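Worksheet: one structure, shown below.
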Amino acid sequence: MKRLIVPPLLFGLAFVVLLNAELLEPLLRTLFPNVREILYARIPLIDLFREHVMLVLVSSVTATVTGVSLGVIVTRPPGRDFLTVVQGLSSFAQTFPPVAVLALAVPAVGFGFRPTIIALVAYSVLPILNNTIAGMEAIPRELTEASRGIGMTPLQVLFLSELPLSARVIAAGIRTSVIINVGTATIGAVVGAGGLGVVIVAGLVRDNIAFVFSGAAAAAVLALAFDWLFGRLETLFFAPRARVSR
Amino acid sequence: MALLLPFIEFKPNRVAEGDPFHLWHLGLTWEPWLLAAIVTAALLLALSGEGPRVRAAKVAVGSALFAAALLVALRAGAILVTEATPFGRVGPIGGFWISALASFLIVEGSLRTASWNPMIKGAIRVLPLAIAAGALASGALDSFAMVQEYINRADRFSQELTTHLRLAAFAVMAAVVIGVPLGIVAWKRRLLERPVFTLVNTIQTVPSLALFGLMIAPLALLSRQFPLLRAIGVQGIGAAPALIALTLYALLPIVRNTYTSLSVIPNAVIEAGNGMGMSRRQLLRFVEAPLSVPIILSGIRTSVVQAIGNTTVAALIGAGGLGVFVFQGLGQAAPDLIVMGVIPIILLAVLIDRGMALLIGLVTPPGLRKDTL
Amino acid sequence: MIEFSCVTKHYGDITAVDSVSFSVEDGQVCVLIGPSGCGKTTTLKMVNRMLDASSGEISINGRNVSELAAEQLRRGIGYVIQSVGLLPHMNVRDNIAIVQRLKRVDRRQRYRRADDLLELIGLDPEQYRLKHPHELSGGEAQRIGVARALAADPPILLMDEPFGAVDPLNREVLQTEFLRLQRALKKTVLFVTHDLDEAIRLGDTIILMKDGQIVQHDSPERILAAPRNQFVRDFVGADRALKRLSCFPVEGYIREAQQIADQDAASFSNGGRGPDSVVWVYGADRALVGMLQRSPSGYKVITLKPEEVGVVPLSSMKEALSRLLGQGIRAVPVLDQRNCVVGEIRLPDIEELNQAAL
């Protein structure tokens, strides 16, 4: 019970403090006595925070839908021919650094929110796709055969048997994707996508440690909050049951 | 598609908007036909089923596709950039990139299922790189925008490349020195398992830019408090915070794999080793090391590839590296410069990944080998 | 000789082995048996100091093991465990040679020894020496485990339920192999098992343990015939008459068998033998192919699979009996390694052996 209450309280407190930066001012003043302009005033932190969350949500949802559907398609009989190629391509592309993908999106589509979303989706599809394929392939054949044997249609096999059985693995892929997205979205500030990275970059450009610190802290707390949330959701949905018994 | 999309663009100078050209409007004679012939051959092959012969033909056609696309681009560059446009430059766009991607897909798709010697496979994979490198070295690509960006900064490039590699290498080495013992401790002392993993997991969760940012403040404070530190180069901005952050980042895969490598050694094997009278060192040499080193190495592989990417970000806090060009390019809205910085980074990541895979294959004893490549 | 005197082992408050004394003579097989948790494995592991005794003294040929360096001690004692523990990254030859490698024997000599041992345990060196453990069946892996233990030619073998994880059919084969090897090599063996049939068949002496103490230390026959108390009687079970048959290898009860070549089978006429006699039919290489059976129209050949009906000289009489009953025939053929019939075992002999004891 303690683990359910304490972290959200902590994260909530952290956000309140970080987003109402006036509360933070005394601390920053003592930490960085030489910095004149302590608070980033151009855009309210709360707006940047909202932008950041939007970036992550839009890209993660798109990536999840794309990744899972693609993974399902290539594990069906008609799509199976492409399985090895897709698998190979996606694990190959995962060696590309996310920053590189983000930077390449700019020559392709220009600056702003759009290239960032494209880059985030393009990159974060990969872990979801990989895990969907891995999850599907790991299901013992007897189980899917048994499902067919009791008279399920192929769609029922997919939704009642295969997806629930591989959900845990797919969820792990989504978690990885979201965390990567939070991180890459931070760099999105450089290509004009907004988000909490804006404060960090502004601080770096203007040599203002206070900006850098508050932006970095906010981004870090956001990432940890997402990670915690996913951890909770995983234990909530998967811990007590859904172990494949043989 | 490769034949229909604009293939190459021409810019009269660096910042001008590009002017797209289709394959057929370039004023080339036979080259587009060669490309078209190869694409047709590829289509025919795609329809002609399986078999070792078809596979070999696919690899040949796929490789030829890349070579032909490069050739067309070269020739186009020579035609478009003339003496009348001394600052003119060309850049490959849609058609070229799709050809290159198709080439990669065809070759990789058939190599993956082929049961050829790994060395031959490796050679085929490196071939397009070699062709491109050859073209680059011969000066034939000099009219390309990315190459011009490179030529303008050749000295700076090699310097930043060295910085990039050095930062990533030092960070990973430090991470190995810290991470392997940490993994062993987490395995041996059950009590420390959770805290160790919570720590390294948390570090990886923090966005790289944020971690760099968080490093700056304390280091800046420290170096202000202790002039000695500043004297040896520890400052808020620069290599010191970058190295620390990169090292912290590289920890997770190494710690995790060290732990895993120990946990997968069967108890029976350890007992048998003890039972036949192995000393502690012999147990390490004959049993533990051969079984765990490949797994630890694959953790290091993940770490290095990640570090190459994260080092790019480190350029933002003044640590240098190839990220410098990327962020300069982004700052100046100069796409060619961005691409010039990004491509070597991707190549580095991919080459290191392949190289590590080969190394892991070599150190994996035959009895454990599945297929790491 | 292995000697235990008043050996005790505590784990915290628990006494796993409680003041145990016994000795194993050179060249003898001593089997430790008892319910799980009785301390038999702990007893075994104290010999090569995988565990150290809390008190008491264990000596080998008069030397106290606690005075020897554990590693040196272990290199001189063969050790076989149920889960085998072959090194997965080494091939069969390197696995067998590993102890000699620890002893810095040179490579040529090690490999020659490994090949010899493969021959000895009945695996073709050509076929097996370069295989890796994951390519072996459970029975094969366990044989390699035994070969590894024998590699440095140690006078003493410790075997901790070596055949426990092998299926029953293969277990019988491995036990027979073990008897054959032991007859040739005369090692001093301490053997832990929970399988009473195995203990009776392999042991020269059996130590039955309970709660860390020795309940009875006797020959297999004595354990069966004269259980010391109710615990032993329960442990031995009601079918001890049947179990006793495990004590006797069939080689002492072989009768001459009548056999003919398969091409003569058609023209065979009964030479006036009694109802117990069976006529075995052999093929081209003199290997068993079947038996003759009387039918209204004369005799006909019934095809038999040698590995299903036959026993070998080191099989136990119990095995012979089970083959007799299983196949529903009046005698079982005793075969040599090439499946040639060297004699047969008849039901009346088994009955007689059984009655002699009771």
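Note that the chains take the letters A, B and C in the order they are written out, and that residue 1 is the start of every chain.
Keep this in mind: contacts are C-beta pairs under 8 Å (C-beta built on N, C-alpha and C of every residue); 3 or more make two chains touch, one makes a residue touch a chain.
A quick note: this is a predicted structure, and the numbers were derived from the prediction, not measured.
Across the structure, the highest number of inter-chain C-beta contacts is found for A-B.
Chain B has the C-alpha centroid lying closest to the overall centroid of all protein C-alpha atoms shown. Between chain B and chain C, the centres computed from C-alpha atoms are 58 Å apart. With centres taken as mean Cα positions, chain B sits 22 Å from chain A. Interface residues of chain B facing chain C in the complex, by the touch rule stated above, are 266-279, 282, 286-287, 290-291, 365-368. Partner chain B is touched in their complex by these residues of chain C: 48, 50, 70-77, 79, 81, 83-91, 98-99, 101-102, 132-134, 145, 148-149, 158. In the complex of the two chains, the chain A residues touching chain B come out as 31-32, 84-85, 88-89, 92, 95-100, 103-104, 106-107, 111, 179, 182-187, 190-191, 196-197, 200-201, 203-204, 207, 209, 212-213, 215-217, 219-220, 223-224, 227.
Looking at the complex, you find that chain B touches chain A at residues 105, 108-109, 112-113, 201-202, 204-214, 216-217, 220-221, 236-237, 305-306, 308-310, 312-313, 316-318, 323, 326-327, 329-330, 333, 335-336, 338-339, 341-342, 345-346, 349-350, 353.
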